[in-house]
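What follows is a set of structures to go through.
Paired with subunit B in one complex and with subunit C in the other, subunit A is shared by the two complexes that follow.
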Partner chain A sequence: MIAFDRVSLALGSFSLDDVSLTIGKGDYYFIVGPSGAGKTVLLEAIAGLHRPDSGRVLLRGTEITALPPEKRKVALVYQDYSLFPNMRVIENVSYGLRVRGMRKEEARAEVAPLLERFGITHLADRYPGTLSGGEQQRVALARAVAVKPDILLLDEPLSALDPVTQEKFIDDLRRLHREDGLTIVQVSHSRREAHLLATRMAVIIDGTLVDEGEANVVLNAPKSREVASFIGVENILDGTVTANDGGLATVAAGGLAFEAVTDAAAGEEVTLCIRADDVVVAVGDRPQSSARNTMAGTVLRIAENGPVAEVRVDAGVELTAVLTRRSVRDLSLVPGTPVTLSVKATAIHVIRSFS
Partner chain B sequence: MNGNPIIEGFVEAIELIITLDPQVVEITIRSLYVSLTATFFAALIALPLGALIYFYEFRGKHAVVSTLQTLYALPTVIVGLIVFLLLSNVGPFGFLRFLYTPGGMIAAQTVLIIPLLMGLTVSALSGIDRDKRYTITALGASRLQTVMTIIAEARFAVMSGVLLGFGRAIAEVGTVMIVGGNIRGATRVLTTAIALNTSMANYSLSIALGIILLAVALGVNIALSLVQRR
Partner chain C sequence: MKTGTLSSDPLRGDGEAAPSWWRERGRRHIDWCTAGFCIMGGLLVGITVLALANMATAELADPVHLFKVAASSEVIGSILLTFGAGASAVLLLILFGTPLAYVLARSRPSRFKGVVESIVDIPLILPHTVAGLLVYLLFMRRGWLGAPLSEVGLAFEDALPGTIVAMLFVASPFYVNTMREGFEKVPVHLENVARTLGAGTFTTFRTVTLPLSLRHMYSGAVLAWGRAIGEFAGVIMIAYYPFIISTLIYYSFTTDGIHTSRSIAFTVILVSFGVFYLLRRMTRYLGRYDDRV
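For the complex of A and B:
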């Protein structure tokens, strides 16, 4: 639907450097990256708020690099909602229609179903200053959707909300994407949000797009150590391939030998990425398992987080596993408990140094 | 009563105000007329110019804003002198015959407070965050609609600026003294009348006019805090 072709842009201390990406119709596209990476600049460039210094922006194959924002059929929602404090909720939501020349009563009738849908009908005559954060966010979203944008742009829309409101809002966003087929581009810090919502994603670091593609691929098979670290892969180990038997390689890392599926040749330096969900914890010395990698270790610490717990184990190298709290209880895990970790060879993602 | 002339002056001043002394009323009305009119014209010129400076990117924008802020403290006698020269018989606007008239005083005060109103308009609009401006544009507003929406958002801050401008105009003495000449029944205003009557030891009238001037300043302050509370 919209494509960036080698776009570069400098804006004060933020910049984009030779960014190429394609956002398809119906995508829920996540842009993730550390603070100051240029994510918001990229979002605003999609909106047409910044003109690239070089490169082209294409919409359905037609160049729109110089097309002003008001003609791009996009709507933008920032994390601080940017509502108009001097307008009532109904006026805020109908603002986009009013500036397009729709009469006041007509615009109000048009947005009435939206207020209903977002559960804010009872707030129609209130001013934003009297609303909670979650209510303000729903008003901002309704205002954006009211103009029937081709692309909805969201800049960290969940970051200012409490966890309960976040869950409700994630449901709202999922419905907008799945039921309305809306193309959504969202800037986020959260891997969890990306897991729950994204169909495609891009990772941007220091203004450069370092990874892009299907969300589950980027999240589970990052292209570089930098990306793996940013998207929160819990276990990242640098090592060297010592042997490769038809695609099943042995990698020496941290004094251990891991088996992993890769084409990397013997002698090649690689990085192993192991998600904590893929590390199985067992009590006892020699549990029977089909997993190619087993290692003995000792529990260092257990951090409970809601229904799950992160278990940190010293197995020669420190590895993290995620278990349910019930499993931790059933296995009687406490710091000092001897355990055996196992990881399937196919669960290890191998990043080759020159890939 | 045979006591302190200042205390006697206070008592007489209160009498002058309560009895609506014709001279006090006339000077007060002229002061308000001159400064309100000057504020109106200054706002008419400065608000659009301030908005233009805020909304358009151009080379030297920062320098222009800094210059405006420097001109907040423009000495009133300097403005008085410049406007006097412009309106004098040998000046380019001498044909208007504005010198020593309320019209000339209005012109002088307008010139005096334009930089203040322009600078405060830029500040008021800068108070609207960038995200809101972008949101408005992305929602489909044209450039003019964006400008109008942002001005509406900043209207209380802009109004505060206008009130401050009026406060500076009505309280200044330098320009109206030089351009108006402090002519009784024609160009005498609160500040020039206070200066003259104090030098003539006519304390009661000075104090009465001073109390009115303070009341006007207080009124502006109350209005300002009401506006700023919005």
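For the complex of A and C:
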């Protein structure tokens, strides 16, 4: 639907460098990256609020690099919602229709079902300053959807909401994407949100797009160490391939030998990414398992987080495993408990140094 | 805009309980810092009050003369002319200064922008006679602008347009800078959202930016008007006639002496004080919105 072809742009001391990406119709596209990476600028560039210094922006194959935002059929919702403080809720939501020339009463009638859908009908005559964060969020979303955009752009829409409101809002977004078939581009630094919503995603760091593709591929098979680190892979180990037997390689990392599936040749330097979910913890004598990698270690610390617990183990290198709190109790894990860790060879993602 | 009363306001006269810092366990507790600031600020206000009291004492001792001067057609006409010329200058400022202020508020810092900002501020730093001379040289009958404009019947020397243009020149920084500050306070995100919702640049300005800057527009206009109607040196260089109030007082001082000129001045003080008080009161009701978003 919309594509960036080697787009670069400089804004003061900040710049986007040579960004290429494609957002297809019906995608729920996530742009993730650390604070200050340029995510919002990229979103605004999609909206047409910044004109690239070089490169092209294409909409359904037609170049729209110089097309102003009001003609792009996109709608933008900022992190701070940016409701017009001098207008009532009804005026905010119908703003897009009014500036397109629709009469006041007609526009109000048009947005009435939207107010109903987002549960804000009773707020119609209120000013934004009197609304809660969640209410403002819903008004902002209704205002954006009211103009029937081709693409909905969301700038960290969940970051200012409490957890309960976040869950409700995630449901709203999911419905907009699945039921309305809306193409959504969302800026976020939350891996969890990406897991829940994204179909495709891009990782941007220091103004450069470092990874892009299907969301599950980017999240589970990152292209580089910095992407792996940003998307929250818990165990990242640098090592060297010592042998490769038909795609099953042995990698020396941190004094241990890991078996992993990769084409990397002996002598090649690689980075191993192991999700904490994929590390199995066992106690007692060496258990029988099909996992190719088993290692003995000692529990260093346990951090409980809701129903799960992160268990940090010293196995020569420090590795993190995620268990349910019940498993921690059943295994009687405490700091100092000797354990055996096992990881399947197929659960280790190998990043080759040239990739 | 958010407004509020400082809880430690020592000048509250609304009968509410004294703030906690003011009384402590039944004993008076004095915040020496605030008290010191009040005394220092009071000295400044005191000088103005003293000057007004001095003049008022003399004037109120002869109310018949005061009334005779205040009710004269020459004084009333001059006051109306001054206020009208000032209002005309402000209208021109709103028309031309508002776009300039917006451009200055939204453009990125650059050397060119710095030069333009300095040019806007020139009337602030120049002696008023120099400002008047600049206006005179440009708009006199042989001036770069005065010559072609006089050919189409618009004369500035000793004419109302000259008064207005001099007022416009000296008052412009007050309006432009206040308006620019107002535009800068409107988040760019609001404009961005309006653009993506389908509003063009001017529609965004008209429907979002300008309504949110109305208070600054009003304050800037009042400031500029006040500066304009008080101008003397700048105006007298190009338009000694028709008499605006400052030139009338000067004329009266040099021809009739202090008695009459003081009565005119006292009349002007009363009228101006009343008008500005009303204008300031009106700012409470204009362009207010709740910005907790």
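Note that in this section the second predicted complex is superposed on the first by the 355 of 355 C-alpha atoms of A that agree within 3 Å, B and C clash if a C-alpha of one lies under 4 Å from a C-alpha of the other, contacts with A are read in each partner's own complex, and residues count from 1 in each chain.
In this text, a contact is a pair of C-beta atoms (placed from the backbone, for glycine too) under 8 Å apart; a residue touches a chain by one contact, two chains touch by 3 or more.
Worth saying up front: this structure is predicted, and the values here are computed from it rather than measured.
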Statement: So, after the overlay on subunit A, do subunit B and subunit C clash or fit? They clash
Message: On the A-aligned overlay, A:Ile236 touches which partner chain: subunit B = first, subunit C = second, or both, or neither?
response: neither
Which superposed partner A:Leu49 touches (first subunit B, second subunit C, both, neither): both
First, second, both or neither for A:Thr130, with subunit B first and subunit C second: second
Message: Per the contact definition in the header, classify A:Val74: touching subunit B only (first), subunit C only (second), both, or neither.
response: both
Message: Tell me which partner touches more residues of subunit A in the superposed arrangement, subunit B or subunit C.
response: C
- request: Name the contact category of A:Met1: first (subunit B only), second (subunit C only), both, or neither.
  value: neither
Message: Quick check for you: in the superposed arrangement, does A:Arg143 touch first (subunit B), second (subunit C), both or neither?
response: both
Query: Is there a shared patch on subunit A that both subunit B and subunit C touch, and which residues make it up?
result: 44, 47-49, 69-70, 72, 74-78, 80, 82, 84-86, 95-96, 99-100, 143-144, 147, 153
Message: Taking the touch rule as given, give the residues of subunit C at its contact with subunit A in the complex, in rising order.
response: 108, 187, 189-190, 192-201, 203, 207-208, 211-212, 287, 289-293
Field: In the complex, subunit B residues that touch subunit A
entry: 129, 131-132, 134-142, 145, 149, 152-153, 155
Statement: The residues of subunit A that touch subunit B in their complex are 44, 47-49, 69-70, 72, 74-78, 80, 82, 84-86, 95-96, 99-100, 143-144, 147, 153, 155
Task: Over in the complex, which subunit A residues touch subunit C? Could you list them?
output: 12, 44, 47-49, 68-70, 72, 74-78, 80-86, 95-96, 99-100, 127-131, 136, 143-144, 147, 149, 153
